[in-house]
Amino acid sequence: MGKSDSLLLKAAAFAALSVMSSSALAAGSDVTIVLDMQPDQVDACQASKSQVGKVIKQNVTETLTEIDPATGKVLPRLATEWSQVDPKTWRLKLRENVKFHDGTPFNGEALKVAFARLLNEKLDCEIRVKYFGGLTVDVSVLGEHEVEIKTNTPVPILPTLLSTVTVPAPSTPHDDYSRQPVGTGPYTFDSWQAGKNIVLKRFDEYWGDKPAVTSATYVWRQESTVRAAMVASGEADIAFNIAVQDATDPKTDFSYLNAETTRLRIDVPIVPLDDIRVRQALNYAIDRDGLKGTIFSDDVIPATQLVVPGTNGHNPDLKPYAYDPEKAKELLKQAEAEGVPVRKEIVLVGRHNFFPNSEEAVQALQAMYSAAGLNVKLQMTESSEWYDSLFKPFAENRAPNLFLDQHDNTSGDASLTIYAKYHSKGGQSVLNDKELDDLIDRANVATGEERTELFQQAFKRIHEDLVGDVALFHMVGFTRVNGRLEFKPTLATNGELQLAQVKIR
Amino acid sequence: MKLTNAFALLRRDKLAFVAAIYLVVVVVLAIIGPELFGKTATAINLRARNLPSFDLNQGWEYYLGSDSLGRSVLARIMVGARNTIGIAFGSVIASLCIGGAIGIVAGLSRGALGNIIVRSVDVIMSFPSLLLALIVLYVLGTDPVNIIVVLAITRLPVYIRTARAEVLEIRERAFVSAARVMGASGFHIAIRHIVPLVLPTLLIIAALDFAYVMLAESALSFLGMGVQPPDVTWGLMVAEGRAYINVAWWLSFWPGLAIMLTAIAANLLASWFRLAADPTLAAGRKLADAAHA
Amino acid sequence: MSGYILRRGGQSLVALMALLVLVFFLSRLTGNPTDLYMPMDASLDQREAFATKHGFNDPLYVQFGTYLVNIAKFDFGDSIFQGRPAMQAALEAFPVTLRLALITMVLALGLSVLIGSLAAYRPGGLFDRVASLLTISSASTPDFWLAIVGILIFSVTLGWLPTSGTGTFWHWLLPIGVLLVRPLGLLTQVVRMSMISALAAPYVKTARAKGAPKRRVVFVHALRNSMLSVITVAGDQAAALINGAVVVETVFGWPGIGNLMIAAIKQRDFAVLQACILVTAVAIFLMNILIDFAYSRLDPRIRG
Amino acid sequence: MPPMLKQNAPVLEIENLVIDFQTPTGLFQAVRDISFRVDSNESVAIIGESGSGKSVTANAVLGLLDCPPGRIKSGDIRFRGKSLLSMPLRERRDLYGRGIAMVFQDPLTHLNPVYPVGWQIAEVCRIHGMPRREANEHALELMVRVGIVDPHKRFSAYPHQFSGGQRQRIMIAMAMAMQPDLLIADEPTTALDVTVQARILALLRRLQSETGMSLLMITHDLGVAADIADRVLVMQKGVLVEHGPVESVFRSPQHPYTRQLLTDRSEEYRSKKHEDGEMLLEISNLDIHYGAHHAVKDVGFTVARGEIVGIVGESGSGKSTVASTILKLREPSSGSILYRGKNIQSLSGLDLRGYKRAVQAVFQDPYSSLNPRMNVFRILSEAWTLHPDVLPREKWRARAEELMEMVGLNASDLEKFPGEFSGGQRQRIAIARALTLNPEVVVCDEAVSALDMTIQAQIITLLTRLRRELGLAYVFIAHDLTLVEKFADRVLVMKSGEIVEQGATADVFGAPKDDYTRRLIAASPVADPKLQAERRRTLQLA
């Protein structure tokens, strides 16, 4: 035994030494970033998917405009100026002296090709489906660096939408997905070893400032514990989506509003949820302060509506429902007195692996409702099942349900949220309120102050008059950042990680 | 008479005796645990999350600490025993009965049926069992009963193959011929002669499978298709607790230990059973062999 | 031998077809990937259009027919999510798992023979008891838990090994260690038991009567005979290793086929799932032939 | 060392040897204070039945007692004057295979199935320090010496590719590899056919005369002992009851047990054949194929009520196949079996049930012929559950008790399980089971072959009595010619699936017409050293 013991020790010592040297690779101006899952694709037209965007958006391929995460303002990127000619026509000036990584120049023609590809029905591009559904877009080249964009219906927020449009090189295959995207960004797409890593290298002919990071390696690990451990052990520099309990070191672990908002959608048409007192009671029964700092991070913001502050249309005057179990009981008692079957079983639909601690969250919610005297049954679903319940058509004879939902809107405008979620024709809406529909319809074609105000009124109606959901929190994500880097995650970090903004200490 | 014999034999093997006592405790918990400790196990207290183990200040129920919702780990283990043991027992018994029956049919049939069964087993065997379970659960939903069904399906091949192999050997023995000479039907032979002889072997496999099934159930929880909260099993507790390993090791350690101990106990009992299953035959043969040697 | 391989191949082909049919229909029962692929705010029309375009609205038998026709042309379909041929993805991932499984199996066999034989040397002795307890208890631990604890101890606390990922020799140690415990535990028990029974066999008496030292009796005479049952179990374990690989690859971020299959099932990426199952099934089939071969090498009675 | 020098120097001395066995039921003394010696170039046979301790003694010499359960409690074993028990293990091991070698019963299981025989023979030399090449050459020579045909080719063949006799020759080659001074042979010919047995015994005798080694033969067969031994030791229940030169022991046995062993039981076994002679079974032109193998060729004979038909033949002669066809466990390829004039292949319904009652079986292996998980009562009553009209349920127990007493067992044993009985008792239970349906014919397929001689005698006596009382007919299949000679009314001699001779027992044995029958009879050793020596001489001449 003694002999093998010493052998073991030797091996261990050797291991320690060699790892020391191998972990030294996370040094210098190269960075390693660990994601929670591998992107399935890296095509520019899928850059709105958060896993794809974190790798290529603004790094490899750039967008025409950009949203300032702090103010929600539209900033220039590849487009330098824009103006509306008529409700359906916009004119853009493009940045000059911009080159794709393959050497071809960025100009009006290139943009036209890019748009055609983006809207190509043969590809299932998310940007098309998500932002340009039902729109036809005509791009005509006016000059080398000037184009005109015509749409079939008025699009008042086109500059905002352009912040989603990534521009790949004209050489990108028109009908196939590219696994080697070529863009104008500060980094070239160097290699993708499927399942293993993606490497980006700095592009020296970039039109803007030269970034500090020379190359970035993306890897992915499913377990939050492992991602956090990788930064702790120096194997990685930035780890995304760390669970609250793993974010133990305030020096390296930064929270950021990740644009997600969590709510329970109340199944308004179904007894007993059709009674407003019951819906109010559902709101009063939740101890948001108790959830905050325990299951949810201390940094989450109690929500009143489904868009984050800073979004056009966000109503800052709304107040969250206070935790008042007595009031909740009182409201239920009143309703019961009038014959509302408040003891009827209500299904709380959760989803497995939804967000960190989501399982605990729904269990806690269920406990709170039980305490208020409601009969709530927890049902965990798997994602496909969850989607089934999210979308119309809803099952006819369904049990009344509270549906755990999460929504993110990084476009800076409430329209992308409010129609789908609350309009009577919205695909995920259980509401059917003429007044609300009218507000939304009007807001969607309005611009400027009027647009903002109409959306704010709509949110007020949802929150106070209709009580269509139990708004929970504007969520935060945690990113663990190696101490040698200077990087502060922002609202946009969920969908992109601009390597150019990462500084090395 | 046989029972007291078995008990005496059990007393003689100290390790097996301890294992048996442990299993009895677990089974008793599975029967009465939820009724006794159900309330404690589900009482959420967000202000008492992740209390460490071995602290008696909060009361005995928090001796093993509390989980991320402030529930007593000890109470949850005791309550979780029912689902854990229920699922493991249910699926092991189901696969034993069905697999054993199919295996016996396959062993006794001299025609195409036996061949088809063997080939079908090959098909199931070449489908990774965890994935098969996952897909079937996507179809059926994660009801505990469905989990029992799924785990039973994935373990079927073992029983079918073992039962068949045993039958192929037993059916050549002289007492089977003697029964056939007397005019016994295939069914009579299967029930009277084959089943009692195949059963001990299958039971030993079942004891070993007990651990396997608990682990598979846990792996399903890890992949998100195991038992769903608010139901609780040890496997689910380990899977949930893994997210807190850094800050609260006790969340996954204690249920993991419970699984491990149950597995070891089942193993010990299985090897004891191997000897005790057939005290008459084993002892008699040994005596005869020894005398002849 | 060639006739045997042909017959065996034919049988396996039938089994393979049955497996494909099973996978095809079973996976279709789990729904389709439209909702999972399309962004949440896509309209109903867009969803319908997507489903129709990819054939999910066709009746199942039509989809199956198309699938069969394509298979005959060696076209295993495209991955919806990855936008490339599914077989390409499967073949890319397979070698990783194969290497992992191979090394694990070799280690498991080697170690279990060593430990099992030593334990059988003196059944009930100290070594036997300790080895049995250790192998049983390590094999009774959930593997994902073992993996995470391993990372925390060896990578974070001690800093000896990298946490996860692939690359150097040191990256292999934790995943293999975790993957190893179950087959090792089981095989050690099998080796021990078959060793004990082999050591009681009459030919062992003959060997002792020849004056052979105990070491020779154990490792030359008993071992080879006991390997027969070990190899059968080892084959099953190797096939079951895919289960462990699913978990280990997920935790350690290995680009293996287990990882790929789980993702495919979760995303309803049927083409990828089917391609993966096909690849693993063929591998298992080849392994079974290998086992038969090893069996006949070890046991001359089978060679006839 | 030339044998001359060691004349009369003892090779092996055993002194007051006591061996204990630990059993589940307590301590069991397998060998009780025995002493004997084997001189050089001498053949000594230990005779005894199972449980007599003869094999334990042999195993003790080679240190093959597994401890536990076996333990040498006291006494000493000396080899050429040196105590084996106080010798260091390494030195002892050096003697095994070199000074003392052993040949076991059942060579198939005692040869390692996964190594070539040549390798296994050479291994002895290599263990004792011979280089591989030399060892292999020596092994080849040995194979020639023990009479393996084509040794070069057979060198790398495996045990399962040899016949039983050849395997035993390999075992002997292995034992002879290092020219041992003492060869211990433990029932070396027990499972072999008589003609093969004769050749193996001849080989052993030849090798002994060539090398001058001593031979310690363990056997239960008095004929074998008479054939080969200079001196015999008789053991019973661990005690050495008698010993002396072979002629004097066989001629005038002193101990009652020896006398019992040597009793001629011809008269006891013989019983009167029933005279009514009603024909039960008529078998004609029976042909059975296993695939391409023609196992039974054109066999025909009859069985009348109360008649004992013996079938003898060596292994592979097709006698058991005939039995299983009569029992309807196997379908004949062609030919017919008539039961009371009706073809049993076309029986159905009541007729078939009638046949299943009328013909019963007793098989060879007392261990596998009873279901170990059923108690005796259930074993006996199983037949009545299958044929409920034979006996009403309330009479089952009384009838079972009656049957138990009929076969010489206690009625109180009905609750016991087969594992609690000895081999002979189990065979009695099997006979009782065969009687449950009041059969007319009982097929006994080697029913007494696995039993000790005294037990065998008891069972045969029982069968004789049952025929007398119940008028049973037997189809009695055996390879032991002496037994059939004493027991059967008529005898068939089978060889390679054919009946080479059949007729009244006295005729066939008294004046065999067929050459094969003659050879068979000649090869079967008799328990009389003088007579056996003569027979051996004639056999060698033939």
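A, B, C and D are the chain letters, set down in written order, and residue numbers restart from 1 in every chain.
By definition in this document, contacts are C-beta pairs under 8 Å (C-beta built on N, C-alpha and C of every residue); 3 or more make two chains touch, one makes a residue touch a chain.
Owing to the predicted nature of the structure, the values given are computational and were not obtained by experimental measurement.
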Furthest chain, CA centroid comparison against chain D: A
Between chain B and chain D, centroid-to-centroid distance (C-alpha), Å: 46
Distance between the centres, which are taken as Cα means, of chain D and chain C, whole angstrom: 49
Inter-centroid spacing, chain D versus chain A (mean Cα positions, whole Å): 85
Touching two or more other chains - residues of chain A: 223, 225, 384-385
Chain B: positions in contact with at least two other chains: 138, 242, 245-246
Chain D: positions in contact with at least two other chains: 59
Every chain pair meeting the contact rule: A-B, A-C, B-C, B-D, C-D
Residue numbers on chain A that touch chain B, as the complex places them: 223-225, 228, 243, 245-246, 248, 287, 290-291, 294-295, 352-353, 356-357, 359-360, 362-364, 366-367, 378-380, 382, 384-385
Chain C residues touching chain D - in the complex, by the definition given at the top: 201-203, 205-213, 216, 221, 224-225, 298-301
Interfacial residue positions of chain B with respect to chain C in the complex: 119-120, 122-123, 125-131, 134-136, 138-139, 211, 215-216, 218-219, 222-223, 235, 238-239, 242, 245-246, 252, 256, 259-260, 262-264, 267
Chain C contact footprint on chain D (complex, rising order): 59, 62-64, 93-98, 101-102, 104, 106, 109-116, 123-124, 127-128, 158, 160-161, 171, 174
Parts of chain C lying in touch with chain A, wherever the complex brings them together: 30-31, 35-44, 46-47, 50, 53, 79-84, 89, 92-93, 96, 148, 151-152, 155-156, 158-168, 170, 173, 250-256, 259-260, 266-268
